[in-house]
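In what follows, a single structure is set out as structure tokens and then discussed.
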């Protein structure tokens, strides 16, 4: 492709506090009857005043730290003035010159390179969300349940160069806010909303193209698709010698196209000034330190530990780290296993991302509801290691454990799944199998080595899967060779 | 003697000893309103039935043994202060018919104390003005001369108290809106320290300057009312978390004014001050000295910049505070051709000229390219003004000055020159900019019209200014003079 | 400082969502220019290094705990609204 896309992103993250940014109304708005989570303050009634929700500040600091930002000790809220029916006060309380977080970065994985790519974060600040407008027939309806919900705005430098990178960035961001527990990160429910600033640069001339804003990106898929679409659209225009206008585009999810959107007032019209109703925040360094200490281990650090200490492959580690509660479950099992009896992190990883994921997927259950105590999963792996049960039996046991949480030993006994490792018993069964299948035996003796698998399978069938497959094969070979 | 002429503390005494009831008191005030209100025009609305109901309830509470200084006392509430369930207009068409679903913090406290709300007193639209002429609802006249203004913006409250149409009232003061009408109407008006009284439910004008305070018949009543509304409020992030003293006890402390150091800011005796005002103030200062106060000259060198600083800041804040009036959630809507046009038509129709003028000025002061020159510059000079006060209060306990350089002017006299109207605030805005407290007490007459003495105290210095005002009042009789009305 | 132009008056009016009559425009042009000229006196003061005062009181870090308080019910919320529909405030169509 001739042109190089230069992309900066603004992501709005809805913080999952109990109450709104400046009043005690519930911050839940998804699927709530319109205008029922509202009060005089968030309705912008005359005489009302805002008071800062401490939790929202804490969540912002947590996110800022996770984004490797410098947390600014001196903070001032500002009024951003513009008129819109979904903005009750005619101004949004936001931060302007003195935001909470500055100069951070996020590392993302890309297809092109083994080393992660760094996306710089210019700033992250706290503000209040607006209400929601619904268009019906010839009028619009205003629901103010969302008005005043704490909103974190995260702005990157123009470090993103493709739709895939943008996708990786928002995915990483969602992972971070979920790890931190500060937001559901649910784009489909409006808890994360993206805006993209995109321009195409001509690598020959080095000339920067005109910046186009794309809004309404309400799903991960639309982030990728809208950027890809817009790159293609602009490339076409430029290739034909056309020019790009500085405009705001919207994304039409259904038609999968961007469309020209009417813009609100320009940036110069916002008339920011310090919010006189809110004294400044001079954050106590001890508080920031306390928040820092309380941060959970973040995905990047986990990855390093899993691939290092736990000797997992990149791919194995990635699936475990993806979700914080999965990772925590995995780690609790590893911790219980300790150095005991060859229950390695790798074996645990196989069980978690194998059988556990499969059953979670089938049942639609959440990791939080899983009743298998870590010690019992360790016990199961030990039973396998000790040859008490074989692999297929272990899966069967795991299935029962998943449903009931019961200890594996109990299930093994109840179902009689103990592996038959008694050599005399296996030799007598093997003898019978050889007698019953003269043709395959002939083939084997004629040199068709793979027939041994058929014969082992017959032993397994006779023992209803309980035979130790290695010992069974050994018994067969000895009999056939003698 | 008519009950409506009583002060709060006198009425309280009678209620306590069973000599009267709140219902009788309230009926008396309502009768007085029936007699004089068509001349004075102090109220935008009077809630007669509600008032009597509150009075009956107060009497019931008293019958159970309850007692506090405001139980059963009929008060007027400025219509720029939110009263739940009762129309609150801020003197503006844009809020016509608006019935708020909550009480201002101050109103809630008074309600809790058992006070009786007579009605909503007139105000310049959104408290923007110094004459109450900019109310969209009615014209309030000065009880001392019905051809003159009562001052403003709490002109309704001041006139109501002066005309005995309430025992006391609440006002709001952003640049002098309690003290100036108190001075014009010969009543006591107190602007508390910024943060002393919750602003929750005061319809915002200049958020960094607004305070609610009392207008009263005498200093003791002002102290009682202040005690009833002061204190920390978690709903107002700018409210101070400092204990509220018993102001009535505090103000009566000491032997006269012995040991009190009183500063006279030389810059406050401005050019163009009316001679009669100057004479009255000088005489009042002599009285303070007679009471044992030590009087010295002090300097507030940046005084001349006060008006310019004030109008840049107050209009900027107001321009944003008034953006919520868009006809979507409450108040007036004037439909236009589309949604944006409806916003414009609603605001064009709903706001009066002074409000529009200030929105325009404030919008300009905040707009890109002018912010640094006007708003930021004004905020920096505000720092210098505050330092003036800090330095002065290192030398003295209180300062005294005229509240206004003149007396109440004729209705319509200053209508077409906003700057002249703004300059009336020259001696009051400084306190709002510095965040300190001040009280205006009657101190004489100039050409038959009342003059007010402004006593200025440092932050949280309410006890000190009340003490000076109370002692002064004990040796003068200005506050006992009543207007003839008519 | 120069007098405000009529254009500037119109720009400010649009930012403030006011439609002014021609008479109002002319009046405000005059009056605002006067007031701004008066405020010019501030430019004479040297404020180098002087911090701005946004508030008269030295408060900081005023925050509330993240606790839910009672909301209004829908009827109360819409009680004062000029126009409502389906539990919402109704406005003319807003084109995005």
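In order of appearance the chains are A, B and C, and numbering begins at 1 in each one.
In this section, a residue touches a chain if its C-beta (ideal position, glycine included) is under 8 Å from a C-beta of that chain, and two chains touch if they have at least 3 such contacts.
Note that this is a predicted model, so its numbers are computed, not measured.
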Using mean Cα positions, find the chain sitting nearest the overall protein centre.
C
As a test of understanding: of all chains, whose mean C-alpha position lies farthest from that of subunit C?
A
Does A-B or A-C have the larger number of C-beta pairs in contact?
A-C
If you average the CA atoms of subunit B and of subunit C, how far apart do the two points sit, in angstrom?
23
Whole-Å distance, subunit A centre to subunit B centre, using C-alpha means?
57
Rounded to the nearest Å, the gap separating the Cα centres of subunit A and subunit C is 42
For subunit A, give me the residues that contact two or more of the other chains.
40, 43, 51-52, 81, 83, 85, 140, 142, 144, 269, 271, 276, 278-279
Two or more other chains in contact with one residue: find those residues in subunit B.
98, 100-101, 208, 234, 237-238, 319, 323, 326, 328-330, 339-340, 343, 363, 367
In subunit C, the residues touching two or more other chains are 15, 17, 54-55, 57, 59, 62, 64, 72, 89, 91-94
Please name which positions on subunit B make contact with subunit A in the complex.
81-82, 88, 90, 95, 98, 100-102, 104, 199-204, 206-208, 234-238, 316-317, 319-320, 322-326, 328-330, 339-340, 343, 363, 366-368, 371, 375
Subunit C residues touching subunit B in their complex are 4, 8-9, 12-13, 15-20, 24, 27-28, 31-32, 34-36, 38-39, 41-43, 45, 47, 50-57, 59, 62, 64, 72, 76, 79-83, 89, 91-94
Quick check on the complex: what are the subunit A residues that touch subunit B?
40, 43-52, 79, 81, 83, 85, 88-91, 140, 142, 144, 268-269, 271-273, 276-279
In the complex with subunit A, residue positions of subunit C that touch it:
15, 17, 54-55, 57, 59-74, 77-78, 85-96
Per the contact definition, I'd like the list of subunit B residues that touch subunit C in the complex.
97-101, 193-195, 208-209, 234, 237-238, 240, 302, 304-305, 307-309, 311-312, 319, 323, 326-333, 335, 338-345, 347-348, 351, 353, 356-357, 359-361, 363-364, 367, 373-374, 376-384, 386, 418-419, 422, 432-436, 459
